[in-house]
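In what comes next, subunit A is part of two complexes: it sits with subunit B in the first one and with subunit C in the second one.
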Partner chain A sequence: MNIFFQNVIAGLETGSLYALAALGLVLIFRTTDVINFAQGEMAMFCSFIGFKLFTSLGLPYPVAFIVTIIFAVLFGFIIEKYVIRSVNKASVVSKMIVTLGLIMVISGLATALFGIDSHYLRKAITLDNLNIGGVVIQPNAIFIILVTIVIMSVLFYMIRKTLFGIAIRATAQNETTAKLMGIPVNRITSSSWIIATVLGAIAGLLIAPTTNVSTTMMGEIHLKSFIAAVVGGFGSFLGPVVGGFLIGILDNLVGYYITLKWKTVIVYGLLIVVLIFKPTGLFGKIHRKKV
Partner chain B sequence: MLKFKNVDAYYGYIHALKDVSIEVPKGKIVTLLGANGAGKTSILKVISGLLEIKEGSYEFDGKDLKNYKPEDIVSMGIVQSPEGRQIFPDLTVHENLMVGAYTRKDKLNINKSLIKGYEYFPILREREKQIAGTLSGGEQQMLAIARALMAKPKLLLLDEPSLGLAPLIVKDIFNIIQEINKSGTTILLVEQNAHQALSIADYAYILETGKVVHSGHAIELRNDEKVKKAYLGSS
Partner chain C sequence: MKKIFRSKQLQILIIGFVIAVLPFIISFKRATMTMLDTVVVYSIIALGFNILLGYAGQISLGHAAFMGIGAYMSAYITMQLHLPFLLSLLISGLVPMLLGLLLGLVALRLEGHYLAIATLGFGVTIQHIFKEWTAFTNGYSAMKPSSPSIFGFIFKSRESYFVLSIVILVLLSIFAYNLLKSKTGRALIAMRDSEHAAQAMGVSLLKYKLIAFAISAFYAGIAGSLHIHLLRYTDPNSWGIGLSLNLLAMVVIGGLASIEGSILGVVFIVVVPEIIKEIPVIGEINSLPTILTGISLILVIRFMPYGLARIMTQIKFRIQDNKVKSTAL
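Now for the complex of A and B:
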């Protein structure tokens, strides 16, 4: 039983990171209909910035973390304003291809600036493991889960209760009418890119101790965050979060109890099963957006 | 208050507005009549900043409106209740109304407008917490008008408020449009239901394929034989 709980906590830990990344994807998708395939690379780039601030500049870890987030704000703003908005008149599919191109641009840039080596970055919390009734828990795992819950709560409060959040949802449902009501749709789009980039950067920094900082570090998280978003439902904000936790836990349980070799295949199988019975995802509604 | 001078506008190659000149005086109800595709909605799109003009000029309170973004137009006091209502179906009634108040600077007075909106349409108060997509057609139309009023417009643009509604509900809504006008809001009303529109309007323009073909005081047009025949049925 202890092993089971350890696996669940480890699942919540990685699941948190899937959830953060998935929420970023969904936020951009809901406001602009675009899926940002470069989300993982953008997070990787931010992680390198954090790593450099921490090692080369020798900033204390928390300061490096916060400066990285500030960088992510600027990074998201610049990518939206100068790349995505400049192809505003192109179709949604073309814009998605543009984000595919961004993968190459950003990973090329990262290789040129930071090299191809992979580097260790410390955990956010480096205290000794806790032992609660035989269940061994890493304080860092608790930290990651708590950070995710806090970020989610703030985001959900914002989306549900504030006028800004109502404007985001209105834009997601009907962009033209949102404009007619005086909502500055450009600013909403820009904000969703900024928030998504910050979420990705946080996920990147927190996964770095496990994957190391390298140009390919986000590969698995990025893919799993897509699955989380689809399983939970691209049409809702809560779905991807639940999907992220679900996949994280399943990943660990399947890996431990059944087979490590086939765990990815089984988790992908889950995606297919969910889509057969619930084509819009667990929490999804049919997404109808008028432009 | 609002003036179009020789405006030309295109959708791609389609010449949507041809040399259109209209005027909406302060405090009045002006209506644009005409069949589908006559250019009525295009005029509203131009006003709201969704369609660029090619020739001519248009101004509001003496200010040239060209090159303003939709959100700036709303801030100036011109708000549209679009064709087909276009409420936000997954937001609650209350949230829809709050979207209408997005540009308001006087945050403290928003509640007053909300109460005012509920006075015009009491049914919306009852449905305050309901998801707007579940409202009936008539209720959605009321919500669309109330939402536009939340911005405290000086000029209210109404695009086909009678579309697809039962005659009794149309009558109610037109009565309230008149009331809104009496409380000081200028109204530009686009309608296919010419009979209904002429009964509350002060002045009317009739459009055909992007051109103004006829205009006059509503009372005159109501009794004009040619207009009667073409737009009011044989009555």
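Now for the complex of A and C:
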């Protein structure tokens, strides 16, 4: 039983990171109807910045963490303003293709600037492990899970209760009407891109001890965050978090109890099955397309 | 006489013939020849992908998987089963086609982003299977088939391979042209422009989505088979998301819903990096081609959404527009 709980905790830890990345995806999707396929690449780039600040400049970890987040704010702002907004009039599929182009640009830049080696980055919390009834828990895991839940709650509160959230929801429903109501649509989309990039950067920095910092570090997490968003549904903020936890736990349990070799195939199989039978996800509302 | 030359099929044949003969007149370096061969091979998959994305409006981020399946199928059939190359070429087109039908069924329920995510997952899954199913794919030890032979003639030289792949490309282009000019093509375009309107006109979405996915998968499989027999080497890393993205870039940059566009796009994506490599200093950055492809993809969507193939038409329209505006004033 202990092993089972061990796997569940490990699943919650990785699941939180999927959820963090997925929250960013969903936020951008809800405000602009764009799925940002470059989210993972942007997170990778931010992690590299964090890594360079920590090792090359020798900044203390918390400082490096905060400077990375400031970088992420700028990064998200620039990408939105100069790339995404310039194709404002294009169709949804074209916008998606633009984010796919961003994948190439950012990963190419990262390879050119930082090389293709992978580097170790320390954990956020380096206290001794806790032992609760035979289940070993790393404080770092608890930290990651807590960060995710806090961020989710803040986003949830923000969307539901604040003026900013109402503006986001209005923009998502109809951009023109939102503009007519005096909502600064540009500023709203800009901020949602910034928040999403920051979430990605946090996920990247927190996952770095497990995957190492490299140009391909976010590949799997990025894909799994998609699955988390799909399983939970793009319609809510609770969905992706639950989806992330589910994927994380399932990933670990399948890997431990069934087969390590085929676990990726099984998890992706699950994605396709969910997409076919419940395309709106577990928490999504049915979305009828207007003709 | 003029009428005959206006037939597009004949034009394709003549252009194909001229290009196929070219390497025998001007002798290229072997590396250049390999590059030209790859252009032709990728043109085949880009053509199929354009039918899917450009005409039917269905996105796929997993097409590298179909190409990979074609490649491995073909290598397995010629190396392990010792069957002739032509048969392997056919089978390596048909097997992805069956899988394409399956993906078409998925596409029936999904659209836009969801389809993109599902196909992305499909591509990654298949690539993972390539890595793990070593009995079939040989994993990272790679498959190394020999040069193909048809009726005793071995296509060993790059020039002869060029002729072979051009012949296949010409056949498939004519097929694509005929198909797209037929009822099927019109149904695909109707479906792309509005699924609801198409349905109202009696276009069966099931049938035409399946057709679009099956055909593009078939083209991808054929391209895969030709690719592995050209380079005579493949490992699972070749068939990842990178290739799928490149494919998308080829079709979008070249021009959606255009046969010439597919080929132009391939030329752009394959040849430009080779030219950049020759430039001192900048050419030494390995990832430069990727960056440039990404930038061109974004710029094309921003400034010429109809791609390179229709740039002249776009300019013409722009000039006309300006004229209309100036006379109106």
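Methods note: the second predicted complex is superposed on the first by the 281 of 291 C-alpha atoms of A that agree within 3 Å, B and C clash if a C-alpha of one lies under 4 Å from a C-alpha of the other, contacts with A are read in each partner's own complex, and residues count from 1 in each chain.
The definition used in the following text is that contacts are C-beta pairs under 8 Å (C-beta built on N, C-alpha and C of every residue); 3 or more make two chains touch, one makes a residue touch a chain.
All figures in this text were calculated on a predicted structure; none of them were measured in a lab.
Participant: Looking at the overlay, what does A:L109 touch: subunit B (first), subunit C (second), both, or neither?
Facilitator: After superposing on A, A:L109 lies in contact with subunit C but is clear of subunit B.
Participant: With the two structures laid over each other on chain A, which partner does A:I166 touch: subunit B (first), subunit C (second), both, or neither?
Facilitator: Touch status of A:I166: first partner only.
Participant: What is the contact status of A:V230 with respect to subunit B (first) and subunit C (second): first, second, both, or neither?
Facilitator: Touch status of A:V230: second partner only.
Participant: Quick one: subunit B or subunit C, who's touching more of subunit A?
Facilitator: With both complexes superposed on chain A, more residues of subunit A are touched by C.
Participant: Go through the superposed model and pick first if A:I97 touches only subunit B, second if only subunit C, both, or neither.
Facilitator: A:I97 sits against subunit C, while subunit B stays out of touch.
Participant: Applying the touch criterion given at the start, work out whether A:V265 contacts subunit B, subunit C, both or neither, answering first, second, both or neither.
Facilitator: A:V265 contacts subunit C only, not subunit B.
Participant: Counting only touches as set out at the top, which of subunit B and subunit C does A:K179 meet: first, second, both, neither?
Facilitator: Only subunit B is touched by A:K179; subunit C is not.
Participant: Please work out whether A:I202 is in contact with subunit B alone, subunit C alone, both, or neither, and reply first, second, both or neither.
Facilitator: After superposition on chain A, A:I202 lies in contact with neither partner.
Participant: So in the complex, the part of subunit A that touches subunit B is made up of which residues?
Facilitator: Touching subunit B from subunit A are residues 163, 166-167, 169-170, 173-174, 176-184, 285, 288, 290.
Participant: Contact residues on subunit C for subunit A in the complex?
Facilitator: So the residues of subunit C in touch with subunit A come to 57, 59, 61, 106, 109-110, 112-114, 116-118, 120-122, 124-125, 128-129, 132, 194, 196-197, 241, 245, 248-249, 252, 285-291, 293-298, 301-302, 305.
Participant: Residue numbers of subunit A touching subunit C in their complex, please.
Facilitator: 29, 35, 37, 83, 86-87, 90, 92-94, 96-98, 100-109, 111-112, 219, 223, 226-227, 230, 261-262, 264-265, 268-269, 271-272, 275-276, 279, 289, 291
Participant: Under the touch definition given earlier, write down the residues of subunit B that touch subunit A in their complex.
Facilitator: 48-50, 69-71, 73-75, 79-80, 82, 86-91, 95, 98-103, 147, 151
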